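The data blocks that follow each hold one structure.
Two complexes follow with chain A in common, the first pairing it with chain B and the second with chain C.
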Partner chain A sequence: MDLITEPLSFAFMQRALYAGLAVSVVCAVIGVFVVQRGLAFIGDGLAHACFGGIAIGLYLGTDVENAVWMAIPFTVLIALGIGFVLRSSHLRGDVATGVFFSFSFALGILFLGLRSAAARPVNVESLLFGSILAVSPEVLNVVLIVSATALVVTLLLWSRLAYAIFDPELAAVSGVPVAALEYLLLGQTAVVIVVAVKTVGIVLVSSFIVIPAAAGRILGTTLARATMLAVAIGAAGAAFGLVASYHLDVPTGATIILTHCACFAVALALSRR
Partner chain B sequence: MSDVPVGGGEPQAPTPAWATSLERREHAQKLKQTRPDPGAPRVLDVDHVSIERGGKLIVDDVSFFIPKGEFVCLCGPNGAGKSTLLKAVMGLLEPTRGKVRIGGEPPERARHKVGYVPQRKSYSMDFPARSVELITAAVRGRWPAHVKPEERERARAVLAKVGGEKLLDKPLAGLSGGETQRVFLARALVTEPALVILDEPTAGVDVSGRAELLRLMVEISRSDELAAILVTHNLGAVAHTAERIVYLEAGRLLGWGLPDELLGQSSLTALAFAGTDHARHRDEE
Partner chain C sequence: MFESLHNIFILPWQDARLVFWPLILQGMLVSCALGLLGCFLVVRGMSLLGDALSHAVLPGIVIGFLVANHFGTASLHSPWILVGATAMGLVAAVLVELVRKQSRVKEDASLGIVFTTLFAFGVILVSRYAGQADLDPGCVLYGNIEYFTSLDGSLPDGVIPMAVILSLLVLGIIVFYRPLLITTFDPSLAVSVGIAVGVAHYGLMTALSLTIVASFEAVGAILAVGLLIVPGATARLWTDKLGRMLWFTVAFSIVSTLAGYWLSHRSNLNSSAGACIAAAGFGMFVVSWLIAPHAGLLSRWLVRRRLRRKIELENLIKTIGELTPVAANPPAVDAEALRRELHFTPGQLRRVLDRATTAGLLETSAAGITLTTTGKARQQRLAHAHLAWEAYLQEHLGLPADHVHDAAEWIEHYLHTDKLAAIAPATEPR
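So, the complex of A and B:
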């Protein structure tokens, strides 16, 4: 039992656990929808858009800590832009995401280059790989509030979102406001991604969206079951990965994601029996 | 209501050149086309509907109505505007001019009165869904996270009606073309609508399955006093089963009458089978 209680006796580990659980649960629920909608890469795309937003924030004079919050409106705009392109062209989700992803990343690099030489250097590593062990109480509060809000909104709209993603036309015939729901899902995903970038970093955040959802999707025969499995895998992977990384003294975010990947492999093996 | 009078005994007109709406009206007046009784209770009323999309006039001043329980075949070549007109009937798009009434109400307020079998399956094939959920979603207007026993029973009963009882718990992705159509037909019928819209429901179904499905639809329409609009290219097979034919071409209503009258008109039959898939479909029969 000490294996679990010992690491969790530290306050920073407790905060990491709460942040990890919150991010993994909300990403799993949203992930099932975006993966089903053919937007598996949106997590990656929006995380890179977030980088663009951070760079703009830095250019405007904020420090790295607070630039992330400046990135929220920018990333939401990019998400809505992806939604607009999806609706008004015949391009597929990966293409629309790819275009906006490149645009915002290039914009980010441009703005970083525009900063004066005297400006503080940016710790790119913490931005890229996050620092779940360094989550401050303030950041934890933001993570919890954003995750809880997104979770409640998504669960309230779950049955409409599911219908809209199953078949937009049939859902519209049944009176579901398909376009509004799609924009809402994208905008909300953007906010969640930015907050998650703060904890797990740009590179790893999309795994939280894709891997638990994909694993749940493999085993779930209905969308509801797939969602529940994704949540269970996401949360269990976050908790296990955190504790394991403590004992093994290895990077936490990576351990969590490798745990998720292991769950995915097990799900695949189970489904092929 | 149409601006074209009911009936008429004038001799048949030659194949027309559709230049002006006046010419069209004159032509229609010369055709023997028996319209339904204008006083009958109407399930669907399409009243001078025009639809523009992307700056193009796709449906051009179309008027017709469907009385209670009538089985109507909507036909016309590819691109005639059939699907677009039906989208307006379902309230998926607003007509540029004119109005649609379902049981006297605008489509947005009559969703439960219309069942719809789409032309193209636009649903995502990899969505984890079973027939029972698809059918329950039509009842609730939302996707079910959990299907209640009474909802399940309702889905089972309506599937049994279309001869697909054993499909209840099958994943949609694993259904054959004909089975999919049965499930979607059941989905359209489950809300006990007054009007069913079938947009080429037999696409992807083999010849015997097609005849069987058509027979089923006509039977259900008759026994339940259900009005139906069936869109099909396969005029030969359906025309004589339908009570009336509405013929659309280039967005215009060129014919509205009994199957025998319309199929007897060389101009329309020629139009119907010329330069489209019709000949091929007919030959396949």
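So, the complex of A and C:
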């Protein structure tokens, strides 16, 4: 028992646990939808895109902590742009994501370069690789509020969203506003990702979105079951990875990803039996 | 006016201290090599493979670095790093195929799983051997094409390897063009005509890892992803043919490199050349997305408008026919009755009437609206198409009579003379 209680006696570990659980649960639920829509890379793409928003914020003179408020509208705009290209051309989701992602990253670098020489230099690394062990109480509050809101919105729209994403043509015929729901999904994914990047970093965000959703998908026979499995795997992986990384003295984010991956491998083995 | 244009567009190129042609050459080599490979990824729906591989090769880079360290040649330019990264790229490609085949997940999801896992593995390796592996993430992310230079004007270090890679790529594409074309567009056809699809796939993956790692230092991992797919995606908007797409891609790559250098010049943005090249590429993508023939927003809008106008016009003529009693000299139709029947707004009705009058299909007098001879012929053709389609659906698909009207309401606008002739024999004798 000490193996679990000892690391969690530290306040920063508790905050890491809460943040990890919140982000993994909301990412797993969103992940089921975006992976189905062929947008598995949206997490990765938007996580990089938010760098552009942060850089614009810095250029306009905000400090690093508050630049996230600039990153949210910017990333939402990029997400809607991806949705627009997706709907109005024959290019696929991966192309739309990739084009916008490299553009916003380039924009970020340009804006960082345009800042006057007198401005305080920023550590780009800290912008890109948030650390789950360094979540401040204020950031934790934001994470909890955003995750809860996104979760509530998704659950309220659950059945219509599922209809629109899994069978868009039939849904459109039955009068479901497919386009609006898709934009809503993309927009709220963007908000969740900006906040998640701030807490857990870019690569961990992608893995939170893709791996639990994929694992839930291959085991779950219905959408509800797949989602519940995804949530369980996401949350368990975050908690286990956090504790394990403490004992093994290895980077936490990487340990969580490897735990998720192990869960996926087990799910794969179970589904093949 | 002319002088200011000269200052903006020409002068930057004449500043010999700032324009390093070897550097521009390097940028063109990198973006052409990445762009050519990117075409295949864009068509196959694997655009983010570049990003995935650039993360997935991290363990390979660390292992390569450690091996180089062991032999006492620790530097980021060591060939061991290139070997390690390319090998790891191949491992990643094999794993992606494995996960995709073993589970029901889509290819991009399987890619997402593999790349995050390998990256996590790489991060743990770095943390274990941090003291020995002095890797600079800033360089990997940003890249710095400007550092690829020697100020005395000789060729930068990276030019020769990159030129070799590009020549090999071009040679590979020319020699294996047919098999690549078929595997890219139709893998199952490729299998049935005896092409080694696996060899083609892994060959592409090897080339990709090698090129991406070689471009890291010039443009950075993330901008490499942009150079990889933006020219290809732009070319895809202009053409459906792979051969033409490759030529377009080369052109877009070269133009965005030049435009990017120009943008990054001291008198313009004075900023990172790599980022400016990526931004210029995005600019070309947006313009193409707006104006490209067929796929562009503008042309799609025009096509839709033409179709909408045609349907409006034909519905108008049809309704006039329906409102006109069968008589030798039928009375004119009242415009207001017509408007109510069609659910048009007054403005809409006026515009459609204007177009129909210009086309010589109807005449408006004080008494109302009457069809001209041409208009009557058009109306009869529509009615014929409608009846023909209803009969066709009933006879050939066995649909009940009360189910065929709505379908015919739409199809009548698309049934042209030749298609009508094709289905009419079945229906005419009634």
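Just so we're on the same page, the second predicted complex is superposed on the first by the 273 of 273 C-alpha atoms of A that agree within 3 Å, B and C clash if a C-alpha of one lies under 4 Å from a C-alpha of the other, contacts with A are read in each partner's own complex, and residues count from 1 in each chain.
Just so we're on the same page, contacts are C-beta pairs under 8 Å (C-beta built on N, C-alpha and C of every residue); 3 or more make two chains touch, one makes a residue touch a chain.
In this text the structure is predicted, and so the values were computed from the model without any measurement.
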Fit or clash between chain C and chain B when superposed on chain A: clash
A:Val173 touches, of chain B and chain C: first, second, both or neither? first
First (chain B), second (chain C), both or neither touched by A:Arg217: both
Touched partner set for A:Val29, first chain B, second chain C, both or neither: neither
Touched partner set for A:Ala226, first chain B, second chain C, both or neither: first
Contacts of A:Ala49 with chain B and chain C, given as first, second, both or neither: neither
Partner chain in contact with A:Ser102 - chain B first, chain C second, else both or neither: second
Which superposed partner A:Tyr163 touches (first chain B, second chain C, both, neither): first
Comparing the two partners chain B and chain C, which touches a greater set of residues in chain A: C
Identified clashing stretch of chain B versus chain C [115-123, 241-249 or 277-285]: 241-249
Where chain A meets both chain C and chain B, residue numbers: 38, 217
Chain A-facing residues of chain B, complex: 90-92, 108, 111, 114, 116, 118, 122-124, 126-130, 133-134, 137-138, 140-146, 171
Footprint of chain B on chain A - complex, ascending: 36-38, 158-163, 165-170, 172-176, 217, 220-226
Chain C-facing residues of chain A, complex: 35, 38-41, 43-45, 48, 85, 88-95, 97-99, 101-103, 105-107, 109-110, 113-114, 124-125, 128, 203-204, 206-207, 209-211, 213-214, 217-218, 250-251, 253-255, 257-258, 261, 264, 268, 271-272
Touching residues (chain side chain C, partner chain A) in the complex: 42, 45-48, 50-52, 55, 99, 102-106, 108-113, 115-117, 119-121, 123-124, 127-128, 137-138, 141-142, 222-223, 225-230, 233, 236-237, 269-272, 274-276, 278-279, 281-282, 285, 289, 295, 297, 300
